[in-house]
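As structure tokens, here come the structures.
Shared between the two complexes below is chain A, which has chain B as its partner in the first and chain C in the second.
Here is the complex of A and B:
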């Protein structure tokens, strides 16, 4: 279990994280989303023990991560900017990590080498961005850590490798109860992969919830009525946003779509239909709630 | 046997749940058949094991499947599922009739279309 309590991190007078509380259960695939500069990477670096917290604590399995080799042995962090030793090949890096991680699995590494189309003898700095990512992910999986922290890990991977990596991750979660924390802006991808989602904004957690709960907590309703109504007439449902064009209502409503439709039946709609929100819509909606939306950017 | 639609807005666990319920109703999954384990199904579909676990839990709550500790999940012999299926299908028919009405099709024509289809099914059953 990863547990952050009142976590704070400053860089000079810039506050990167403040009062952050977050719990991530074992065997979960946790998606970290948030606006640019919201503290996602800072949080991952704190979790992997790269940074020390200025205040509060970040603990894994009840132990402070910073300077604790025993617990760091169980964590593998793939940063957004990859680092390989100078002039090293994939094989050099594998040997390096094998010396660092007690759980390193050569057999598994060889299997991955057979699958990923990259040479283990060529120098890593000659590789493209996507190929370097692949190399980093191979190393990360072969280390057989209990916690895998991935910062924008799917960046630059082609669709085939993407889905292969997804399967490998799921496999590890199913077989060894691996815990994955993954930050990304690709909400579609997280939607298919994660079970929990945390939204960061300005250095603290806006919400952290189960994905299905999050998606089913809202629905998008489109309805038309023959009589004249305004949004204020629908007092039995909690309307988050309402747009009205003629007699057609487009609404985002809090609650279960079936209940909402049943409620609207009493107003005798010409038609009424409802859709669950996508994660992207939930994200945009939440951000609008705190005044971060593109409507104010568009001229 | 189980196909997921990645474009769908329905959560994956709902899709899984619906699909398994459908396979049970159509008899593809007979009573007392063992379902694949959570882990193996998750691996096969490439989805989060926790998602599969959730679908199984919901199915068990709705008594579509039952769990034998240490052995796995099995299809139950529950008539409730069939009842629900009937109700849901009728609901869909009601919705389709409403749709026809909205499209401006006269009541007589809708009635005829429905009864014609019913008659035709009857003939097919006899032959």
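Here is the complex of A and C:
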């Protein structure tokens, strides 16, 4: 379990994280979303022991991460800007990590080499950004760590590889209870992968919930009425957003879709149905709910 | 799957091997460069030395470094740590590398340990190959290494220096966020101790006469001071420590080890606290930055202050206006340098901060410089120790001349191991321990200070009195409380210098130490001793007399008593001509041990007034030498040419040149030319004949010259002198030629 308590990190006068409290359960795939500069990368660096917190604590399995080689042996961090040893090949990097991570699995590495379309003998600095990212993910998975911290992990990957990586991560979680923390601006990507989502803004967690729970809190309803109504007539439900085109209403409503549809029946709709809600829409409405202009927060 | 976690040791050595493997190319490159620039270059120098094609001084304990290879190796020791640290400690300066290295399961201290160990290995391998190569080079060129096992010392000292430099660069790497800052801070840290020492020393020396602060003793031990670059080569050669013999370098070595270990320990301590957001940023350790900034401001401000002070008031005029100007420009210079340094360090500064920093620095530098000058003037310059608190004092000067002879050269002591270029020696300074002697030296010290104070207000204006001939007086007081006070004066006042020496020469305590002949301690070293007549034309060895101890001691005791008892004015001003001389020396030995006497020579005049000495010499059968005898003189001339006199104005006098630069045939040729020129002034027909003599004479006007008969010579004996007042006109020079030598004397015109 990853646990941050009153975590604070400053860079000179700038506050990157302040009073951050977050718990990430083992075996979960946790998605970190947030605006640029919200503190996602800083949190991952603190979690991997690269940074030392100015205040508060970041613990994994009840131990402070910083300078604890025992716990760091269980963490693999893939930063947003990758670094490989000068003039090294994938093979060289594998040997380097194998010398440091006690869980390194050469068999699994060989398997991944056959899976990903990159050469293990070629110099990594000749690779494209996406290929370097593939190499980093291969190394990260081969280390067989218990906690995998991925900063913008899918950046530069083509759709086929993205899908493959998603599947690999899910398999790892299922097979050996791997905990994955992944930061991204791509909410659709996270929606397909994560079971938990946390939103960071201005250095603190705005909310952290299970994805299903998050989606259950809202519903999207489309309905048409023979009589003339306005949004103000539906007082029995909490409408977050309402668009009316002729007699057709598109509404995002807080609450359970079943209950909302039942409520609308009393207005004798021509038809009323519930539509799937995307994570992006959930976030937009959640942020609106707490008074943020989503256009400035979400991409 | 069950796995066992790696231990720290496993991770450490695995990473160490990985780092070495990554840098195999660098090791190969360094080895090639080192091999060419050290053993190959040294081999060339060894070959030249062995074949006699060139004369090299070889350095180091094993004497394996040639003049060129010493430089190249020193450059290696200086530059390679920068390169190695920059490459290995990249994660300290590269954000992406920091992410990778600090997320792996090895502690920061472990990482630093790997970098330092691997760095030393990378740097040491080429050196070890080089030293192995030098051994082979010596075998191939048949060069005799001082002692082969001493190569190990040289290896150790070289590696130690490498470690010292690396420890500093590593600390700077840990304290800075970019490789550029690391290099700049390392260079500054290395150079600043020397810069600060130089500035402070210059200031203290300029504003406090005689005071020579031994700041080099403090900062010289700092391994990275520029003057310490060659220390790894010179440690045991006495070049960093003039005293203490072979082991003189040990304190420096220990100091270097301690300092390096402290710096390394600080690096290990700090890396754990180092903020990892530093890589790639301008964030630096604020303490290091502050110290660097302070030292730059101090040394730069003082240098600017003194330069402008001298420019406005001129050197050697230590009047109060110069103080004011020096303080003023030190404050201005310090403020400017501080502001510039801050602007560079912070990559720009607002005007408000610039003014605030500059103003603070100005006030601080004004206070510092005024404080230092106050210290110079009030505490140091006019201070003469209370004679009652002095246990002993040594006094020497480098002039030590009376009557043109070196009287006060004392004995010389061997203080260093043999080097191929010669023997390094040091004067044994006379030491005063008696109450009277100490009081006398304190009095002389006061006299010197008074004279300097007069110069401070008047400047050097009296051309006749101050003839700009420099002499150096060194005074070393050992106080009863264990303290030591040293003063060293560059003295220009020749009149006063003569008076000081006259006072000293009146002291028995001084004379017995300054003239080794009079000291029983040096008797075994006097292995050649002769009696010369007053004109130094005839010599009679006294060695058989010396072997008869009793007679010899009676003679020397009588001579020393009479010499000490006489008025020093007589031999300083040559109011009498000696009737004889005793000269003595200690021939060079094949080898010496530290502390051995190397040189023990001099000449002592015997005057007619030394009745006891003269009586003993007559009794021992040397009476003939005490009378003038010109029977061997084949030619004697009197001339106004000063060709054979020295032009150096020691004590305001001219001296006969004792070193017979010219051969007797050249002198005879010159006399012949001069005599012919007297009869007929040079005409074109004489050109061919004139060109036949070898002494360059074209620039010299035709001299006045006359031949002197032997009868006339006897009359001139009382007038014969070794020196003459420089301002005296119509100097008459007497030249006496025997069959195979010649003697030159001034004639005292006043008689």
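Following the convention adopted for this analysis, the second predicted complex is superposed on the first by the 272 of 299 C-alpha atoms of A that agree within 3 Å, B and C clash if a C-alpha of one lies under 4 Å from a C-alpha of the other, contacts with A are read in each partner's own complex, and residues count from 1 in each chain.
Note that in this section a residue touches a chain if its C-beta (ideal position, glycine included) is under 8 Å from a C-beta of that chain, and two chains touch if they have at least 3 such contacts.
Predicted model only: the values in this text are computed from it and were never measured.
S.K.: A:194 in the overlay: touching chain B, chain C, both, or neither? Say first, second, both or neither.
M.R.: So A:194 only meets chain B here.
S.K.: Would you sort A:85 into first (chain B), second (chain C), both or neither based on which partner it touches?
M.R.: second
S.K.: Should A:227 be classified as contacting the first partner (chain B), the second (chain C), both, or neither?
M.R.: neither
S.K.: Based on the superposed arrangement, let me know which partner A:248 touches: chain B (first), chain C (second), both, or neither?
M.R.: In the superposition, A:248 touches no partner, neither chain B nor chain C.
S.K.: Looking at chain A, does chain B or chain C touch a larger number of its residues?
M.R.: Between chain B and chain C, the winner on chain A residue contacts is C.
S.K.: Using the touch definition from the top, say if A:70 reaches chain B (first), chain C (second), both or neither.
M.R.: Second partner only, chain C.
S.K.: Do chain B and chain C land on any of the same chain A residues, and which?
M.R.: No residue of chain A touches both chain B and chain C.
S.K.: Can you check the complex and tell me which residues of chain A touch chain C?
M.R.: Residue list for chain A touching chain C: 11-12, 45, 48-52, 67, 69-70, 72-73, 75-77, 79, 81-86, 88, 95-97, 99-103, 105, 144.
S.K.: Which of the residues in chain B come into contact with chain A in the complex?
M.R.: Interface residues on the chain B side: 6, 9-14, 38-40, 42-43, 46-51, 54, 98, 102.
S.K.: Any idea which chain C residues touch chain A in the complex?
M.R.: Listed in rising order, the residues are 1, 3-6, 8, 11, 14-15, 17-18, 22, 94-100, 102-108, 110, 272, 275-277, 283.
S.K.: Could you please specify the touching residues of chain A with respect to chain B in the complex?
M.R.: Touching chain B: residues 27-29, 163, 166-167, 170-171, 173-175, 192-195, 211-212, 215-216, 270-271, 275-278 of chain A.
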